[in-house]
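Okay, so chain A shows up in both of these, paired with chain B first and chain C after.
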Partner chain A sequence: MASVTITDVWKYYGKTMAVKELNLEIRNNEFMCILGPSGCGKSSTLRMLAGLEFISSGDIYFDDVRVNDLPPRDRDIAMVFENYALYPHKTVYENMANPLKLRRTPKQEIERRVRRAAEILEIEPLLDRKPVELSGGQKQRTAIGRAIVREPKVFLFDEPIAHLDAKLRSHMRGELKHLQRDLETTTVYVTHDQLEGMSMADRIAVMHEGVLQQLGTPEEIYNHPTNEFVAGFVGEPPMNFLDCTLERTNVGLTVVHAGFRLALSEQQASLLTAGGAEADVRIGIRPDNIAIEPGADGALEVPGEIFVTEPLGGDMVVEVTIGGDRVTVKSKIGPMGGPGDPCRIGFAVDKLHVFDKTSGVAYF
Partner chain B sequence: MASREIVRYRSPLRSVLQGLSVLFLIFFFVWTVLPLLIMVVSSFKDLLDAFQLPEVGDFGGVGVMFDFEPTGAHYVELFTEKHFGTYLRNSLIASLGSAAVSVSLGSMAAYALSRAEFRGKRDLLFWIISTRMAPVVAVMVPLYVIFRSSGLVGTLPGLILAYTTFNLPFAIWILKGFFDNVPYAIEEAAQCDGCTRWQAFRLIIPLVAPGLGAFIVLCVLFGWNDFLFATIIGSGGAKTLPVATAELVQPVKIQWGMIMAAGVVTTVPMMFLGLLIRRYLVAGLTMGAVRE
Partner chain C sequence: MASIADIGVASEPVRGVRTIDHHPEGFNHRPPRYYLLWLMLPAILLLAGISLYPLIWLIYMTLHEVQLAPGRPDVWAGFDNFSRLASDKKFLRGWLTLFKYSALCLSVEIGLGVLVAVILNNNRFEKILVTIFLMPMMMAPVIAGFLYMFLYNGTFGWYFWLLQSIGLLEGGSILGNKFWAMFAVVATDVWQWTPLIALITLAGLKRVPQEQLEAHMVDGAGPFRNFFSVALPNLYPFLLIAILLRFMDNFRFIDHILIMTGGGPANATKILPTYLFDVSFKFFELGRGAAIALTLLLLTILLGLVLTKVFEDPTRKIRTEREH
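Here is the complex of A and B:
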């Protein structure tokens, strides 16, 4: 149990910059997810927290203690690695008992805690096996078990479930979240899978090219992304982006695209004016926020042509060509027609995002 | 994973080759085992029996070679009059001592070279192995001069040091390969668990045990079989088995029985070492789970 404060932390590997001027505060008992594409500096950040990597500049504090110069063993952290990093020559039991043994825990206490962790993770029957004899999911549970047998100040997870198959992954998401709530321990969880971040974290820190892009709750990140990168990274299928121009009319501001015109609300217009938006902007809208109906003569305002449909059981994803651009629409499954058929779509203007065309910063 | 079975297809050529390989194996077996057999058998014969040989070409008469009263006299004489007990001890101390020093220093150096990145690492590695490239005779004279002036000639520490000069670079080179195959993440996990760097190093030692085992054998064999260092540097106070055996060869009345017995005494400990270490070597095959 501890809060973690990262202030002005930089990480260089030789000349390669991995983390740039990171400031992040992780609250006591919080589940913090560091989310970003591969190579964005997530692992580097986590490894600096663990003490496995030198901090090029800046400071890290656990509560009020500066830990920069403490080796991992003195930081009281427990880490779960991407490829599990179990001890191949030790049994599951010995793997999990190792951290306790190193702390000279009495034998009965080790036994009690390992059994308890194994029970929580449902790996009791495997305690005598060696890692070679385990499946991916079982190895991963063992690695987690090794972390939870003691009560560390901070849990560090580096993509712990990235290598499991989809079904097991979705199961483990729930389990891990539940476990973290149960254990009430500050947790930093690194992943490139936005779904993991969205579904498990209290707060998400989105990183890109070593730079923290946005820090917020999953709801904030999803509904109010601060820039085009965050908007495009979070959500599945990803947000649609279209190059448009802003036109001032007598009723206010209108977004103009080759295929449609959208009148913005007064509030949206004032945000754009306040932000000093130029005429050329990029708009973003999520596939869920576009309505679609088949046929050329429906009630929706924008005519389009179906490019492809992808039924997904209950829902379907339709790609529609409008004014030379393509947008992705998500709707309930129903008769839609095939490629080349006409359709009409409608945008939920209140869910629209507008970004600066060059910097990618969101106006709203 | 695909099965490791080797697919075979029958063909006339294949059966011929198979027949030939069986013949070759039989020949090879006789070739390698016969000298050992003769050595062991002869060591139990007295002087007269040793020269009971069948006529050339008389394969039926091979029996006369095995028609004798076994005697342990040669062994008794070796250990009572010829002090082979001392030489056996010297051989063991010199070869095991050098193996112990080489493997403990070598594994630490290999670990460091495997884990750390620094400027000139490749050059350093090459320099280390190149010290092993020079033929033994080439360094013998300078080494002898150095050893004599430091009073190491004719002592066991001197012999251990001499063997170590040759074993250590080899140890570093080979063991580095084994450490390279152990993922660093395992040590990182150990450090997070609460290990110091040193404890983490000790924790992964079992993972390189096959390498250590194989290497101990090589080091021991190098020292055990060595003749050159043993005659020159070990002469006097640190006589080992090969040197002592060679000294049994006298101009007249060669004691074949005793020489054969000395051969057996020299060979048997190494066979036991092989058996002892085999477990570790085999373990290496199943420990392949380290990667992944």
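Here is the complex of A and C:
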């Protein structure tokens, strides 16, 4: 149990910058998720926390202790690796007992703790097996077991469930979250899967190209992305982006696109004015915030043409062509027609995001 | 509700799942075996020509008193050639000397080879150093023997001078000393063949999963623990190859011993293969020589099998056990 403070940390490999000027504070007992595409510096950050990678510049503190120069074994951490990293010549029991054995824990105590961890993870029947005899999910449980037998200051997870099949992955998300709340241990969880971040974390740090893009609760990240990257990375199906122009009319500001015109609210207009927005902007809107109805003469304001429909059982994703651009719409399943058929869509203007066209920074 | 430990494993049947319990007639018919025989025949014939034929001749020779003069028929000797070996003191001593020699060579070469590999691994100058290290191996063993003979020479040998200067050696000569001669021939073998072990181990080190090493470090291990508990077990299959190769070479390569000591002084370096050489090609007792050669061959095979068992990759063992 500890807080983790990362101040002005840089990491470079040769001439490649992996992490740039990272400042991040992870609170005591918090579940922090570092989210980003591959190569964004999230794993480097985690490995610097673990002590597996030198810190090129900057400091990392666990509570008030600077850990820059401490080797992994003196940092009191536990880590779960992407490929589980189990020792193939040891049984599940020996794998889990390893961190305790290396710290000279008495034999009975090791036995007690390993049994307890195996009980929590429901792998007691597997304790005598070797890793080659385990399925992916069981290996992953063993790897987690090896991490939780001790009571480390910090848990580090490096994409621990990325290699499991989809069904097991969704199951493990819940398990891991429950486990973390149960054990009350500060946790840093690295993933490229936004769904994992959204569903498990207390707070998410979104990284891209080595730079921290946004730090916030899942709700903040989803509803108030600070830039186009975060907006596009989080959410499934991803947010729609359309190039538009702003037009000042007698009622306020209007977003103009080849296929539609949207009048912005007074509050939105003032945010744009305060931000010094130029006439050319990019708007973003999530597929959930667009309504759709089939046929050419519905009540919704924007006419469009269906490009393709993707039924998902209960919901459906429809791609619609409007004014030369394509937008993705998510709605309840229903009769919609096929490619080329007309439809009408309507935007929830209050859920609209507007970004600077060149820098990608969000006005709101 | 199934226990979560079962997820991802086919265990108990799930209710309501459609199953099929019968299978079609003529399930999994394999192609007939003789078809495979035809495919392998050319290789078998070639192998028979170059190794089985001499082996059969060897066995023939062990059962005869082989006559060298042309036209004189070999005399049937039964198992005399073998039974005489039991009382042949030089034969028994040859075995002992061979084991001593091989054990010394192997332990020093493995120890040094692994050490060198660890130092070379991920070293900045790895490539150039590996090239330099491999040079002794490229030399013909006879040349290595000559080289060391001169280095040990009592008049102008550099090693001789060195050992004498630091007070380890009092006069005399290295190769003429019953105690030193063994170490001298071992040193030659070590010098020439440690690079091979280092090379094989280095290849093994590259295959040690980085994540396991890192996990072990996080678990609380220092560099030494890390090497012995993670890297070394992963190296077993590679060490097995290295040890097997070297141990069989020890039974075969006697070039440098013949050059340097010829088995002396007072048989101190007369390992069994050198004795075999003497019997067959100095005394020309080809029948007895063949008997020695055959026992040597059988024991090499036997020891090879034992070594393979001892060093078997533990994970592979489980896998094969599961398959059967």
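As a convention for this text, the second predicted complex is superposed on the first by the 364 of 364 C-alpha atoms of A that agree within 3 Å, B and C clash if a C-alpha of one lies under 4 Å from a C-alpha of the other, contacts with A are read in each partner's own complex, and residues count from 1 in each chain.
Everything that follows uses one rule, which is that a contact is a pair of C-beta atoms (placed from the backbone, for glycine too) under 8 Å apart; a residue touches a chain by one contact, two chains touch by 3 or more.
Owing to the predicted nature of the structure, the values given are computational and were not obtained by experimental measurement.
**Student:** Fit or clash for chain B plus chain C once both are placed on chain A?
**Tutor:** Clash: chain B and chain C overlap once superposed on chain A.
**Student:** Which partner chains sit in contact with A:125 here, chain B, chain C, both or neither? Use first/second/both/neither.
**Tutor:** second
**Student:** Identify which of chain B and chain C touches the larger number of residues of chain A.
**Tutor:** In the superposed model, C touches more residues of chain A.
**Student:** Of the two partner chains, chain B (first) and chain C (second), which one does A:165 touch, if any: first, second, both, or neither?
**Tutor:** So A:165 only meets chain C here.
**Student:** Using the superposition on chain A described above, determine whether A:68 touches chain B (first), chain C (second), both, or neither.
**Tutor:** Neither partner.
**Student:** What is the contact status of A:98 with respect to chain B (first) and chain C (second): first, second, both, or neither?
**Tutor:** In the superposition, A:98 touches chain B and chain C alike.
**Student:** Scan A:135 for contacts with chain B and chain C and give back first, second, both or neither.
**Tutor:** second
**Student:** Counting only touches as set out at the top, which of chain B and chain C does A:270 meet: first, second, both, neither?
**Tutor:** Touch status of A:270: no partner.
**Student:** Touching A:85 in the superposition: chain B (first), chain C (second), both, neither?
**Tutor:** both
**Student:** Residues of chain A that sit at the chain B interface in one complex and at the chain C interface in the other, please.
**Tutor:** Shared contact residues on chain A (touching chain B in one complex, chain C in the other): 50-52, 71-73, 77-79, 81, 83, 85-89, 98-99, 102-103, 130-132, 146, 156.
**Student:** Could you pull out which chain B residues touch chain A in their complex?
**Tutor:** Of all residues in chain B, those touching chain A are 183, 185-186, 188-197, 199, 203, 206-207, 287, 289-290, 292.
**Student:** Which positions of chain C touch chain A when the two form their complex?
**Tutor:** Its residues touching chain A are 3-5, 7-9, 209, 211-212, 214-222, 225, 229-230, 233-234, 314-315, 318-319, 322.
**Student:** In the complex, go through chain A and note every residue touching chain B.
**Tutor:** Checking each residue of chain A against chain B gives 50-52, 71-73, 77-79, 81, 83, 85-89, 98-99, 102-103, 130-132, 146, 156.
**Student:** In the complex, go through chain A and note every residue touching chain C.
**Tutor:** Those residues of chain A that touch chain C are 50-52, 71-73, 77-79, 81-83, 85-89, 98-99, 102-103, 121-123, 125-126, 130-133, 135-138, 141, 146, 156, 164-165, 167-168, 171, 175.
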